[in-house]
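To start, I am sharing the structure in question, which I have written as structure tokens.
Residue numbering begins at 1 within each chain, and the chains themselves are lettered A, B, C and D in the order written.
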Amino acid sequence: MAIRIFLTGGTFDKEYNELDGTLFFKETHLPEILNLGRNRVPVEMRTLMMIDSLQMTDLDRDTIVHNVSRCEDEKIIITHGTDTMVTTAQAIAKEVTNKTVVLVGAMIPYKFGSSDGLFNMGAALAFVQTLPKGVFIAMNGRYFTYDNCVKNKKTGKFEEIA
Amino acid sequence: MAIRIFLTGGTFDKEYNELDGTLFFKETHLPEILNLGRNRVPVEMRTLMMIDSLQMTDLDRDTIVHNVSRCEDEKIIITHGTDTMVTTAQAIAKEVTNKTVVLVGAMIPYKFGSSDGLFNMGAALAFVQTLPKGVFIAMNGRYFTYDNCVKNKKTGKFEEIA
Amino acid sequence: MAIRIFLTGGTFDKEYNELDGTLFFKETHLPEILNLGRNRVPVEMRTLMMIDSLQMTDLDRDTIVHNVSRCEDEKIIITHGTDTMVTTAQAIAKEVTNKTVVLVGAMIPYKFGSSDGLFNMGAALAFVQTLPKGVFIAMNGRYFTYDNCVKNKKTGKFEEIA
Amino acid sequence: MAIRIFLTGGTFDKEYNELDGTLFFKETHLPEILNLGRNRVPVEMRTLMMIDSLQMTDLDRDTIVHNVSRCEDEKIIITHGTDTMVTTAQAIAKEVTNKTVVLVGAMIPYKFGSSDGLFNMGAALAFVQTLPKGVFIAMNGRYFTYDNCVKNKKTGKFEEIA
């Protein structure tokens, strides 16, 4: 069965608007990332939203939980901004117990050359195939369970709580 | 405990010699790849050789097996050219049974911009943390056991034998 | 005699802050750009400021004019944000008549991979060696005199006035 | 009038064959380079051959001279391997005197990420617009006349003869 990828935006997919010098979202770069990685794992992608996770509302989060819950796939990756990734992971864990869900993000936009996105996506695809049922966060080579993870706002790194 | 990475060369680490237009090996790009991926998993690297896997002799292969066997680490990644990766995996599996060993390569050199190396390395690091003891090949999002994997010479892709 | 390069910032040198997702200036990437281009023309670089050209004040502009005017070099390149590049060119032209001055910018930051900065810098270095005395703007393969150039705010492109 | 670009191959356009690990030519990357540079100078491209300049025969060189000579354009850029670039420049200079011809190459293939191709192409486009009639070589920010240029085989750099 294919791995389901839900796209929500985040740093991963930010682009530079050369007309006004701001960062914005156009469309996802996931197909490009998977193509560059010569990915051969069957995946099904669906864009749920394309936003900065600081802008994510409760309603947006409900949409994500709802999609994870109702889809038939048992292995699910969610691309997500890092700032509220843990909050969304916890919301999913409340409702979904019989699937392997991996949330993944990036510190640098894929389009900016020196992105960690390609590395993180490779890891997320590996983790979702091998981890047991549960909700996980995959960042920079590591994985965390939804209930033992926090983003350190000073360093930008994800850490265990305890 | 840190993950052990043994470096043997392969496409991963090929560079372009601008004086004579040939491809050659200088030194590994693994630290650069892990840095770009903002990797936070503790790793220990050691270069065993820096060669094209078509040039790999039985003696070279013995060196790899010996190092995998005698090191104290239980989780080991080996960067390796794709052409004889399966042969090396089989040689390791004959001698080593109590460790998780993941061989990983690339189709395009890391230095050539559009490399799958960053993606593959992210996946290899994830697989070595989550797969059980055994010898595996990790390429392009997938993993294979050493005894059920072949490189399709026409397409360049790794496939199950059966 | 070496070519003088005055650095003032602009899109050229913007970077992505991975802690808060904003764009900012740290230090110039010009040495990196010239190195990548394997530049062999002798240059002397000096950073005058490192700002977005929309933030440039009259005082900043005076600083640029003063430096162009007083330096002994006869061939001068100025890296500059595109939004007020023409204004600065006109200010220089009022005071400086016996030098070849080329202002150059970029539409995409150098660090963002798909930048026009490398191309523009190659062109600016060529133009400053071959154009007569005067003040010019070099963007995207073309050159314009300071008094016949405008940035089209809708398309982001530089055009002749008439 | 548009600038004519004749394409002959060279390091510029080399690619990596991921099936057998060799370098080869497929098609030119010039349109991609000009697009990345957001080039706005009208150009007309024509591929004459797509080869390593060490493989270039007298007949190939005749083809280039013939095309430069008979075309109506007065400003011509030729992409060319660096190893025999000077020989071709001299052959052109024997036959063509009323045009500005600029030969340009690269030390690193465009597809390999850290290429000088983008920088060199920006410079070539600037030089062809501003230099007088004659045959020139443009490499790494500098330009040389066809009769005072040699490639230093040890350093890979172009230098004046005297």
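Worth a mention:
Here is the rule we use: a residue touches a chain if its C-beta (ideal position, glycine included) is under 8 Å from a C-beta of that chain, and two chains touch if they have at least 3 such contacts.
Being a predicted model, the structure only gives us computed values, none of them experimental.
Chains that touch both subunit C and subunit D are absent from this assembly. Each chain's centre was taken as the mean of its CA atoms, and the one lying most distant from subunit B is C. Rounded to whole angstrom, the centroid-to-centroid distance between subunit A and subunit D, based on C-alpha atoms, equals 45 Å. Subunit A and subunit C have Cα centroids separated by 39 Å. Taking the mean of the C-alpha atoms as each chain's centre, subunit A and subunit B sit 26 Å apart.
Taken residue by residue, subunit D touches two or more other chains at 107, 114, whereas all remaining positions touch fewer. Pairwise chain contacts in this structure: A-B, A-C, B-D, C-D.
Listed in rising order, the residues of subunit B touching subunit D in the complex are 11, 14, 16, 18-19, 21, 23, 52, 107-109, 111-114, 153-154, 156. The residues of subunit C lying in touch with subunit D in their complex are 33-34, 36-41, 107, 114-116, 118-127, 129-131, 138-143, 157-158.
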